[in-house]
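Attaching a single structure in structure tokens format; questions to follow.
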Amino acid sequence: MTAPWTPDEMMTVAAARLLWDGCVCFVGIGLPSAAANLARQTHAPDLVLIYESGTLESRPSVLPLSIGDGELAATATSVIPLPEIFSYWLQSGRIDVGFLGAAQIDRFGNLNSTTIGDYHHPRTRLPGAGGAPEIAVHARRTFVVLKQTARTFVPKLDFCTSAGFLTGSGARATTGAPGLGPQVVITDLGVMKPAPDTEELELVSRFEGVTTDQVRSATGWDLRIAERLETVAPPTPDELRILRDLHARTRAAHARRVELPC
Amino acid sequence: MTAPWTPDEMMTVAAARLLWDGCVCFVGIGLPSAAANLARQTHAPDLVLIYESGTLESRPSVLPLSIGDGELAATATSVIPLPEIFSYWLQSGRIDVGFLGAAQIDRFGNLNSTTIGDYHHPRTRLPGAGGAPEIAVHARRTFVVLKQTARTFVPKLDFCTSAGFLTGSGARATTGAPGLGPQVVITDLGVMKPAPDTEELELVSRFEGVTTDQVRSATGWDLRIAERLETVAPPTPDELRILRDLHARTRAAHARRVELPC
Amino acid sequence: MLMDLKDAIAQHVEDGQTLALEGFTHLIPFAAGHEIIRQGRRDLHLIRMTPDLIYDQMIGAGCARALTFSWGGNPGVGSLHRLRDAVEKGWPHPLELHEHSHAGLAAAYTAGASHLPFGMLRGYLGTDLAQVNPDIRSVACPYTGEAIATVPALHPDITILHAQKADRRGNVLLHGIVGAGKEAALAARKLLVTVEEVVEDLGAAPNAIILPHWVVTAISHVPWGAYPSYAQGYYERDNAFYLDWDDIARDRETFLAWLDLHVMHTGDQAAFLRSLARCAAEVP
Amino acid sequence: MLMDLKDAIAQHVEDGQTLALEGFTHLIPFAAGHEIIRQGRRDLHLIRMTPDLIYDQMIGAGCARALTFSWGGNPGVGSLHRLRDAVEKGWPHPLELHEHSHAGLAAAYTAGASHLPFGMLRGYLGTDLAQVNPDIRSVACPYTGEAIATVPALHPDITILHAQKADRRGNVLLHGIVGAGKEAALAARKLLVTVEEVVEDLGAAPNAIILPHWVVTAISHVPWGAYPSYAQGYYERDNAFYLDWDDIARDRETFLAWLDLHVMHTGDQAAFLRSLARCAAEVP
């Protein structure tokens, strides 16, 4: 039986459920924004979304394509200069959850969004750091969202853009980074959390219909599996409907061309 | 014959004349504000007045009592947070003229506005530094305005609040201070400027009716007199009328009690 | 979040705390300062760029142990006599001074709001301030070697502001001259705000200065809460009161009588204003 | 001060300069960037937090020698293919990268605007960025000893912004998402601004973000000057164009044809828009 939802939808729903009402969330574009807005439209209406462009408490009705769509400013409680977002809001420790994506992740939750291959002679030049290095340091906790394949879950990053637990076993704590680091990694197969001692990611739950072998083979290292492996509850009809509505509104909005003045 | 104007009026007029149209002036309360607004209402209509409270290009019609009267904000081109006044506007080198007063000045134009007597056991505790130390450093030039007596023009400051030429003969330049320092000192007796070599203040002009001996005896050190000593032209009828009107409007405004809501 | 000022002060302000009542000439939280005097708080470390009349009153009332400041006068009038009496004669208590320039104190608030351990400025050059304040130090620029002055970050236990408006969710709007109010607010562990109005909708312009609800500890609705300072759009600064204060504060007995009559014997800002109005009617 | 954009660029922008065209998603000065391409400027050191499509175009057109940036993608879409081609294959020129995080670059602009030699942040912890960018260093906090990351101040030769309005005296009003525009403007030696409207009176709210006339070098009236980015209150971001760009820019020939047709063969922003509209009408 095929699940009546896609792995991407399950990933978004699982990420959304991690956010609690009233929490202050620093949101990136794409999946984090979808998850955060799904949460806001379901169980967490007072979720505070902060976008790095400078909008405090945005309440978009469609998902922004960029981090600075007009909708984010028009629905915000306040719009401030970008330097203040990083100094007065992120660095000051006022962010409960930072949401990060990446092109590569290693077993300690360190992230690469800079280059594939050597930095000076990259095979693929990726967009780069953006706000991630400091979100990774200052948000009280980070949630990482990315699709799981052996090419994204790698034994060694080509470039470390944002610190997770570094080499694990308390290495992060010695740097003075105030945030707790990546507390959850959500993929299209399941959910990983750092082990309390080594801080190495271990699979703590998988999505319905996903096997442990499937997750292992989508991981470039020998993935640890938690003793008690849970299964994530499938999306509720409400979650699915609201997420699909959100995506439909978003697709329509993004396809709508601006009428030129000529 | 008694001059038909007061020494204070002459001092204000002489200070006002130093400001040129379009110059960007960091203004303190009291005499500097009177001089700057007189200049704006006479020969320098496009003088830009910046008050440390955060108002850019204020155009008050009465003199503010405080540095932050509502009139200053209401008539400003822009009102910004105070930290930006000091970082983005003063420290950045965007001020042409900084106007300073003081309780004591020494022969090198160093200023005291902190204490009379020992700092830790002061005979008189003065208000303190305010914006002065950084105005003294960063404004392209400063003009100092104060009444001249042997108690204010002292051989040695009780406390150096704001740097003039320090010990003179180029000492200031070695500190890296970007501003040129006190280029003019205007008193109720005349005008002093630093000598090009030693940077010691010397009397370059006196007001009409004032003798050199009078200025000397109001100075706590052996004051140098410029070879060519000028006499400052007396206030024009226009200058006097506009200054008196300004003071009259100001007195009326400051005496007007706010009507309490009860 | 919305609560009576009396309760807000009683609940949050404790003896021995570090307090910043900010507002630069404009929006000075007089009502909150008076309530702190009424409740008899002691040993406070007060922080303000410009102590102004409100700290003159709190110092004279014996609330303060220490003062961090950058300019301590009655603007355009002269001395703060209660501040001077404490510094010069130790009355009613000696007052420990932590003295800065405006630029230095602004940098210290900004560092606090940014959670940096220190702020920096090209400042304090050639002044004696660094000799009397060991907190003024320097770092070497890692690119040019230039010595840059530093100040330690400020983190008041409590910052108290007065603002024009709050909405029912607890968002606070300030406009006009804001001084270092936003930085002082974000540098503090707790933020109390008094406001002229509580409204459904702030009606704020884009990029207006707003302190959002999740950084605000408590809001008290206190019309005229900044008097004799002012709230732009509501009432003007009572410059005449500032001129009068010189005579009131010059003498200890006169000051104590004023404080007793208008602050200690009034229960709130409305009563304080009525008391002043009554007095003005009697002594024209 | 008010002058044709063509003249403003010709008069102020020279080969080899350091240029910051800022605006974060919103208010990106596309028209100015196109005019720089048309005038064939070369060897520019471009600075932008988010290079966006305008720098993709300028890099692909061969204007740039170096890029200081913190995130180089097509937001929500994917790669900037021209940027990638320059970095990965050196086409049309190799591009020297000076790479930061957003927080680092924001600190560098802020330091520039403040005339401090460097900015600081608690940042770059545990990242490899400091290994590939020797400009990322640190200072020891003079109070706690903590190592704080530093970045050198930025001082672009020219910053170019797009804004909603200017008045006849040359005061410029921005509102909505402003990014690091104000800091980039005040950090620069010269400031050029394109605006949607020139008005008698800005009608600005209290505390609105205004760049006053005496810091503005030149203003050009260019309606739709930020398109396909946007100007809040005037037109929306053309997200569909951003999606289209992925196909246009992926291939060198397609890109060059697009650039030739819509930028090189149009004289100004109005002609650019007409050219796009004509093309859209032909290929539905």
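As written, the chains take the letters A, B, C and D, and residue 1 is the first residue of each chain.
To be clear about the criterion, a contact is a pair of C-beta atoms (placed from the backbone, for glycine too) under 8 Å apart; a residue touches a chain by one contact, two chains touch by 3 or more.
Since we're looking at a predicted model, the values are computed, not measured.
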| item | value |
| --- | --- |
| Contact-graph distance - origin chain A, target chain B | 2 |
| Rounded Å distance between chain B and chain C, as computed from the means of their C-alpha atoms | 27 |
| Chain A and chain C, separation of their C-alpha mean positions in angstrom | 41 |
| Numbers and ranges of chain C residues touching at least 2 other chains | 115-116, 121-122, 146, 176, 178, 206-209, 232 |
| In chain B, residues with contacts to at least two other chains | 73, 79, 87, 91 |
| Listing of all chain pairs that touch each other, if any do | A-C, A-D, B-C, B-D, C-D |
| Of all residues in chain C, those that touch chain D in their complex | 115-118, 120-122, 137-144, 146, 148, 150, 152, 175-176, 178, 205-209, 232 |
| Touching residues on chain C, where the partner in the complex is chain A | 113-116, 171, 186, 204, 206-208, 210, 212-215 |
| Partner chain C, residues of chain A touching it in the complex | 22, 24, 48, 56-57, 73, 77-80, 87-88, 91-94 |
| Contacting residues of chain A [partner chain D, same complex] | 29-30, 52-55, 64-70, 72-74, 79, 81-83, 86-87, 90-91, 110, 114, 119-120, 122-134, 136-138, 159-163, 166, 172, 175-178, 253-258, 260-262 |
| Chain B-facing residues of chain C, complex | 24-26, 49-50, 69-73, 75-77, 79-80, 83-84, 87-88, 99-103, 106-107, 109-110, 121-129, 132, 146, 176-183, 209, 223-224, 227-228, 230, 232, 235-243, 270, 273-274, 276-277, 280 |
